[in-house]
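This report concerns only the one structure given below.
Labels for the chains are A, B, C and D, by order of writing; each one numbers its residues from 1.
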Amino acid sequence: MADTSRTEPGLGWNEMPRAKAAKSNLTGSDFRLWSIAYRVLDMEGHTDLTQGHLSIRDPNGRGFWMKRTGIAFFEIKGRKDFVLVDLDGNRLEGKGVHGEWPIHAEIFRSRPDVNAVGHTHPFYASTFSASREPLRAVAHEASNLNGAVTRYVGTSNLIDTPKLGREVAEALGPAPAVLMKNHGITFCGPSVEECVLAGIFLERACHAQLVIGASGFAWDYTGEPEMREKYKTVMTPAFIRNSWEFYVRKLARREAGIAV
Amino acid sequence: MADTSRTEPGLGWNEMPRAKAAKSNLTGSDFRLWSIAYRVLDMEGHTDLTQGHLSIRDPNGRGFWMKRTGIAFFEIKGRKDFVLVDLDGNRLEGKGVHGEWPIHAEIFRSRPDVNAVGHTHPFYASTFSASREPLRAVAHEASNLNGAVTRYVGTSNLIDTPKLGREVAEALGPAPAVLMKNHGITFCGPSVEECVLAGIFLERACHAQLVIGASGFAWDYTGEPEMREKYKTVMTPAFIRNSWEFYVRKLARREAGIAV
Amino acid sequence: MADTSRTEPGLGWNEMPRAKAAKSNLTGSDFRLWSIAYRVLDMEGHTDLTQGHLSIRDPNGRGFWMKRTGIAFFEIKGRKDFVLVDLDGNRLEGKGVHGEWPIHAEIFRSRPDVNAVGHTHPFYASTFSASREPLRAVAHEASNLNGAVTRYVGTSNLIDTPKLGREVAEALGPAPAVLMKNHGITFCGPSVEECVLAGIFLERACHAQLVIGASGFAWDYTGEPEMREKYKTVMTPAFIRNSWEFYVRKLARREAGIAV
Amino acid sequence: MADTSRTEPGLGWNEMPRAKAAKSNLTGSDFRLWSIAYRVLDMEGHTDLTQGHLSIRDPNGRGFWMKRTGIAFFEIKGRKDFVLVDLDGNRLEGKGVHGEWPIHAEIFRSRPDVNAVGHTHPFYASTFSASREPLRAVAHEASNLNGAVTRYVGTSNLIDTPKLGREVAEALGPAPAVLMKNHGITFCGPSVEECVLAGIFLERACHAQLVIGASGFAWDYTGEPEMREKYKTVMTPAFIRNSWEFYVRKLARREAGIAV
């Protein structure tokens, strides 16, 4: 019952056009955007108690911002809900640093292309993390991740030391997301928007694969090289912008009490 | 893992009584009806970001109307949300033509009996599209489609050229709907109402087949000739009208904040 | 793929204490109760378009009352929504008789202990109807039906003739409910309250059996004679009253916009 | 199809730090807290008609408090909704004692470390109770129970005698929860808060295991000794407090009509 390989190599999600990274416009005043990102993740099933966190690289190079401990994703509203932590785990602003800060620190250290990192326990992806099955492109969502999702099987315990953080970063490699065995997922992007989309796509892709696997029917998935083509066709800057703005408007409706 | 056949022959859904096609009363002022059709599809699980589209043949023969890019099904309210496109993809009115317009153009070209076409990514039908299983009449919904749902397995990528559009139209054949492998579904009807019902029935039928397949129990489905008889018994003009009006009233309740 | 047996014998659900039948207090002014019964069924997943119907034996012996055609379960509010039909299908009051009136007529004819009959298409029970598996007491719900649910496999088409109605009544036998292959369910009771509870228990029982079947795990069910003992212990008049009143209050909350 | 062993030994959930038990601050004025506990369980899927109950050991040693019969979890608001029962089933305050009071009495008698006991029928745990599969740590939730969930297979009927209550208490052993075959679950804790969390974690853990089991994919779980380490790392007093307070705030949002 032991997995022998700790990771599967990513297929190049970071080949996405440079323009997208440039679109990331992190500023000290962007707490509103980052708060919306948390609440969008909540809306899409990523809340698990007060656990999980989304971090954004500090535009001034001091480390990264993440929500403080003790509050839930749906409660994040602004600056007072964030702490600033440097890559060695020193708290620079705010109070209440999650013990799993090393996930974020080590990914920011090893991935200069990444400006936002999420770690959550959504139901289907956390359940799928228990399987040994590669994530397959059952429908669009996994293709949107370029088939590049890896696995971390080192421990199912909290990632609360730099050593464990480095293991997760290594398992992630150049990919947009890593499934963490019997634990949850970590996902990232060149911007907070793309990071959130990666988390949402992964949860939906895992749900689809669990359902088609369960069906007992023979099934197929989008393989190479079609997936690489599809990724390039679909994941344009316009698609990413439209998709993000879709979630922002959907959230506004939800928060206004409109059925979504 | 390759499918060798690209389509399965339809069983004659377009044998439906002519009276129904005549009931389609498309006029230039019908944007309100078409907007409701989009919002009904949203209510029934057909929203995927700002992707997917429903088109209606222009009553004046200039092509077809579909929602513009960048907005979601639940946001379609009236004329400003639509574009008019001709069968060669030329934009005649409005702004923001979806890249997959050829799905609609080629079906309108090859199916004079069709006045509305939908292309969406609902969760269960998109997941079932990955299987190689014929859609079976587990319950009423698939019977309502006359067992005539086909498969398109040419690509899981966007259908963004006339050549690909023709492939999908060919795979659809005379059927009311086609499952698009690892992608989603396309459905159509002699009226916008029947088109929307076909999409709703297909999503529910796929859900039922995935659940009964997963159960591990031996199971049966309505086969020929019983299904053909059942289709004729159930799919009367009165049933279609009652079903459409049901969704319109259900939508009104939902939009008024009443639990549905 | 043909089923050879059309029914499985019931285990004696009608052995329930006489006191319960006596509790049924049908009066001509009870349209409010009957409307609530429809809306409770809607709340618990029994709405399928404007299809399905619940009937109550006329206290004056003229036949039975059921909702009229063209409206949904959630829309039933009072006398104007009902029609009175005699056991030969003659309309005595109101307008719009469902074509499947023979289900009700033939059960009322053959079952003097029954004062209410429901026929619906809830998702899980309709899906489970496709299986050849006996309903098993995975949890309390199936025990509450005394393991007495039968199957009708004569046709999956509408039951719109007295002959078909008699077939369904025969398949039902002395049971509280019958699964109708590739179609839905019919359920009944000595009172409208017990009839509604039977429908709700059956949908939940089918859901549980589909889920445990799908799990791939070895599983057990409550068998005889334990189930018979359990049925007697649980299904007391107080339990039936408490359960019905629970749904009435839950419905009141839902209709007041309170999350349920 | 018979289970030969009635229990599986617990792994030491009651090894939790003494500080946590001390945190339990039961007072005669705590009906508001206990009512919230009922409504949190309702929010998290533990309502089944007016069945099920949560009990709290009387701080003055007279027995335990539990909801009265005939009302649902979402209706519990204060003192008038509770009854006080001694360990022999004598009613000391209030009216309407649930027939299954012996579950609570016998666990309070045999487990001095326990100050609250819940017995409910949540959908996934009740369904999983039918399996013979040990609960496995698919994700965090089962780890939070320290892999210590046992099984009771003596009867699926009501536990309405001291003898049956003792059987359940014996099957529970030193564990935080016991799966009751074809019936439901019983869970407990040193405080009402921990008891409620145990019930919530168990329902979610059963859901995850049913889904991964159904997937047909090879899967792994957190085994010993990693789970023991993980339990110690995660289940700190701060985590328990944060998790409980999360549910209290989530409930407040729900009761204010905010989407959760």
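The definition used in the following text is that a contact is a pair of C-beta atoms (placed from the backbone, for glycine too) under 8 Å apart; a residue touches a chain by one contact, two chains touch by 3 or more.
Computed from a prediction, not measured in an experiment: that's the story for all the values here.
Q: Stepping chain to touching chain, what's the minimum from subunit B to subunit D?
A: Each step joins two touching chains, and the minimum needed here is 2.
Q: Quick check on subunit A against subunit D: do more than half of the interface residue numbers occur in both copies, making it same, or fewer, making it different?
A: different
Q: What's the rotation, in steps of 5°, that superposes subunit C's Cα atoms on subunit D?
A: 90
Q: Counting only Cα atoms for the centres, state how far subunit A is from subunit B in Å.
A: 33
Q: What whole-Å value do you get for the distance between subunit A and subunit C if each is reduced to the mean of its CA atoms?
A: Taking the average C-alpha coordinate of subunit A and of subunit C, the gap between them is 46 Å.
Q: Which subunit C residues touch at least two other chains?
A: 214, 216, 257, 260
Q: Name the graph shape formed by the protein chains and their touching pairs; answer line, ring, star, complete or other.
A: The chain contacts form a single closed ring, each chain touching exactly two others.
Q: Following the definition at the start, I'd like every touching pair of chains, please.
A: All touching pairs, sorted by chain label, are A-B, A-D, B-C, C-D.
Q: Can you list the subunit A residues touching subunit B in their complex?
A: Residue list for subunit A touching subunit B: 137-140, 143, 204, 207-208, 211-212, 214-223, 226, 229-230, 233-234, 242-243, 245-246, 249-250, 253, 257-260.
Q: Which residues of subunit C touch subunit B in their complex?
A: 1, 3, 48-51, 69-70, 72, 74-75, 121, 123-124, 126-133, 153, 155-158, 160, 181-184, 209-210, 213-214, 216, 254-255, 257, 260
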